[in-house]
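One chain, subunit A, links the two complexes that follow: it is found with subunit B in the first and with subunit C in the second.
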Partner chain A sequence: MKLPPRILCRRLYHPNVVEHQVKHPLFPLTYGPHSLQYKVLENTLSKYVPLYGFDERAIVASANELGLGGAVISALGAHNSPSFFHTSPAVLELVKFHLVTKRYALTNALDPSRAPGGLSSIPDELPTLEALFKRRLELNVPIGSHLTPLLSMLSIPGEYLVNTALPELHRLSDDLVFFSQEKDSHDFAWYAKRAAISCAFVSSELFMAQDKSHNFNKTFEFAEEKLHKVTKLGEYYNNTEEYMWYTLLTSINLAKSQLTRG
Partner chain B sequence: MYRRLITRNSHRSFAVLKGLKNVEKHAPTEQPELFKPFSEAQLAYLERVVRVNQAGELGANYIYAGQFFVLANRFPHLKSVLQHMWDQEVHHHNTFNELQLKRRVRPSLLTPLWKFGAFAMGSGTALISPEAAMACTEAVETVIGGHYNDQLRCLNSQYEMQTVQGAEGKSLELQSLTSTIKLFRDEELEHLDTAVDHDAHKAVPYILLTEGIKAICRTAVWTAERI
Partner chain C sequence: MVNKVLVRPAWVKPSIRALPMRTLRQARNVHSTAKETAKDNSIETTHFGSKTVAKSEKEKLVGSVFSNVASKYDIMNDVMSLGIHRLWKDHFINKLDAGKRPNAKEPLHFIDVAGGSGDIAFGLLDHAEHKFYDKESTMHVVDINPDMLKEGEKRAMNQGKYFNDPRVKFLVQNGETLDQIESNSKDVYTVSFGIRNFTNIQAGLNTAYRVLKPGGIFYCLEFSKVDNPLVDTVYQQWSKVLPVLGSVVANDYDSYQYLVESIQKFPEPERFQSMIEKAGFQSAGYEPLTFGVCAIHWGIKT
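Up next, the complex of A and B:
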């Protein structure tokens, strides 16, 4: 078994898509949009999850509608999942499907490998981080009333948290930075920015789970403010660092000039 | 019989012109060839290559910064030499920075440590003597040059790509990465020669300095590949 830190810090090189085919277009899902699994889960997520929440009932209802029969549920998740004590593996697969497909839906029009018109259809100007962040929250609106059980499933300590929930959250914040106008960095700030955005996203989702306002207006206000605070914090840090460097260099120069004077 | 002659004639062409024909045929295809997907191991290795090279060039950059900071005013004849090597390192670092962002590779988590350690190493050896600084350069560039060579070997042997049509070859992206690494390796080895020319062998605890620094560099490379 792989160690958790190795899974968490594992990343892959992204070769250009003009020259290289992509193995799994919906990575980390290993099935494509034409598979049976995808069709069942897609149908469940769009039609039955808003009704029943992330539940076996939703999957069974969707499978019945597609004429497959409820037994399909046992083929959806791994049979030896260590999480079967609290949630059925099929439901966990549904949750994973929700996280991954919503993340891809966010950047479909911005990624040359998935945009319908290829490279030429990519807009010249990328959206701002705030716009992308809010768009991701908007994708949660149809399942807004079922967010609490979803978030609790995602946060139970265990194999699922380490293998799916956290990496998926970090992939989301990585996408948010990469596909927005946000300036990216080459050093430790790379990690700090992603961690801050992940925190802001999780707290906005938690807020959304409790939000009773019309169309989740309060959630979007909260998200905007949270993101603003995070960016502000980054600015404070950068300004402090710059000032410290300035002070250090001036004092070195002052010391040097005093020494040469003797 | 007559028909056969005609058909034969119509196929006839001059060997010298054949090359021209082919060129004409291939010239308008600007669309690059499509290659089959990389395996996960290949992608993981490329990611590691970009990260470790970025961290390495960052370190080299800061080592020269440290040396320049101490030596530039005390030994003016070394100033232009150091400046030249430093400028090249800055260019290398920028190249890998660009690749890191474009190819979505994560930078090394220990970046602050590399910055601090490299500056300390550069200025520390320069404080001993200019010869010690040159011995430091020699040791660092030996390890870096060897490491670049290892990468080139791996890129040559493990990346036999196939196009969708089944032809063997390498994508332009891989070719450009390989040629970048080759160029940078040559420039690093040029720095090695420069250091030896400027009395690196006359540094006083020569064996201790170079072997110690080589060991530190190898550990840093090993760590930056992983963390």
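Up next, the complex of A and C:
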């Protein structure tokens, strides 16, 4: 097969700037805060999801209130594929909207590119990981009673899990580390830390789904403990690694000195 | 040959195999001749393409030709796409997931452009009915070709549904102008394997934008470009076989040659997406199906 030189000469090892331009301010959503979709989904999430849960009825009620036609529901779901296990592409979009907007809401005041006053309005000291983690859980309080169906939708194996649910969880834990005082490393611990925080977050959400205590107090206790355990585990690992490295070097030095002596 | 047909006893069912295979164009010519001759009862014999047949047999023969062409169309689609076109259409309908929800206030107004055969139009209405118990939404099936529309009507009649139904209207219209369709009147605009054949695709998209209500959706199923070079090599070879298959199965090489060429000429998905955006649609996107052989494009009028 003969390829034109244009294709052969294309640099494949280096992505260009255009490929990385973020086209939409609420990436991965393909619409901005002034769009029709945002208006409908925002209204649904704030008014009707606490009432109906993550369901088509909530979206339809919202569209009725805003005086929009029945095609809006198809328009909302256009970016998702239907699947046997999921109810509707529009509901999947609603779930995605919930995840993305809550993640942005968490760091709006901490990100100079999004903070209303720019760089000057950013606080001098970033919050702790624990504070940020709890703040994200607090954002789930209005929909607390509907968490079980939400989590089940997110955990069904399939395209949605791979393309939306897991990447969004990863982006959340990445934001939690990046916008907090948490120390970050540039080795494999970068991944390990994010994976551990993701696990802690999911288990806290699962706890929250079953929590009947006042204002979800027990969830916050659980989250605190879980996060503490994860941090402690990291410390154990670091200490063990440090000790092993020390032992290895000592052994090498010992062997060297013994060999020199002959 | 002519005499054989004329002297055939009345009880012998005219077999389509006894007739030379014809192209669709010829068959359509025959159909129009049949209508003309039907008005004049005094003539005992009439034309059937290049042959002369008894008038009483004419209608049956025309009917046979049409059912033959229609069934060949289905078989050809199955052969060419290895049956995958059914999955694409199913996916298209399920992904759109349109219909009046039980707690919605107003029914939906669909328009299916270049949808003469009616499979997408009826599929959408069936989906709405089975999933949402929606028996109110309306459908305009629009095609530039009256014969293709007749195929759709025939299909509706055969299935005993959507024929003479006030909800479903068949209209002969040019997709580029849609002059009988009011502006801001439709909720869902679908076009499946049709926009490729528009003379001016951009004009068709602009018209789609015109007829849709704010909040309405443009949804298009069309052939696209294969991304994977390996699959593309196989696909290109397969494209060379298609006209041959067309000549073997449907006795029509040229039409299928045109099909392959029109697929190759159709803009790449990114370019088509920018054309959709140029027409005024927001949140345009596309989903490639089967390695990009085909793609679903959409845009929202806000």
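Please note the rule applied: the second predicted complex is superposed on the first by the 232 of 262 C-alpha atoms of A that agree within 3 Å, B and C clash if a C-alpha of one lies under 4 Å from a C-alpha of the other, contacts with A are read in each partner's own complex, and residues count from 1 in each chain.
Here is the rule we use: a contact is a pair of C-beta atoms (placed from the backbone, for glycine too) under 8 Å apart; a residue touches a chain by one contact, two chains touch by 3 or more.
Because the structure is a prediction, the values reported are computed rather than measured.
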item: Superposition-derived comparison: subunit B or subunit C, residues of subunit A touched; value: C
item: Touching partner for A:Gly144 - first (subunit B), second (subunit C), both, neither; value: neither
item: Which superposed partner A:Pro89 touches (first subunit B, second subunit C, both, neither); value: second
item: Contacts of A:Asp174 with subunit B and subunit C, given as first, second, both or neither; value: first
item: Which of subunit B and subunit C A:Phe188 touches, first, second, both or neither; value: first
item: Subunit B versus subunit C as contact partner of A:Asn64, first or second or both or neither; value: second
item: Partner chain(s) touched by A:Tyr31 [first = subunit B, second = subunit C, both, neither]; value: second
item: Partner chain in contact with A:Gly234 - subunit B first, subunit C second, else both or neither; value: neither
item: Partner subunit A, residues of subunit B touching it in the complex; value: 32-38, 40, 43-44, 46-47, 50, 54, 58, 97, 100-101, 103-107, 109, 111-112, 115, 164, 171-173, 227
item: Of subunit C, residues touching subunit A in the complex; value: 91, 94-101, 103-108, 187-188, 213-217, 219, 229, 233, 282-283, 285, 287, 298, 300, 302
item: Touching residues (chain side subunit A, partner subunit B) in the complex; value: 9-16, 18-23, 174, 178, 184-188, 190-191
item: Residue ranges of subunit A touching subunit C (in the complex, touch as defined); value: 1, 30-31, 35-37, 56-57, 60-61, 63-64, 68-75, 77-82, 88-90
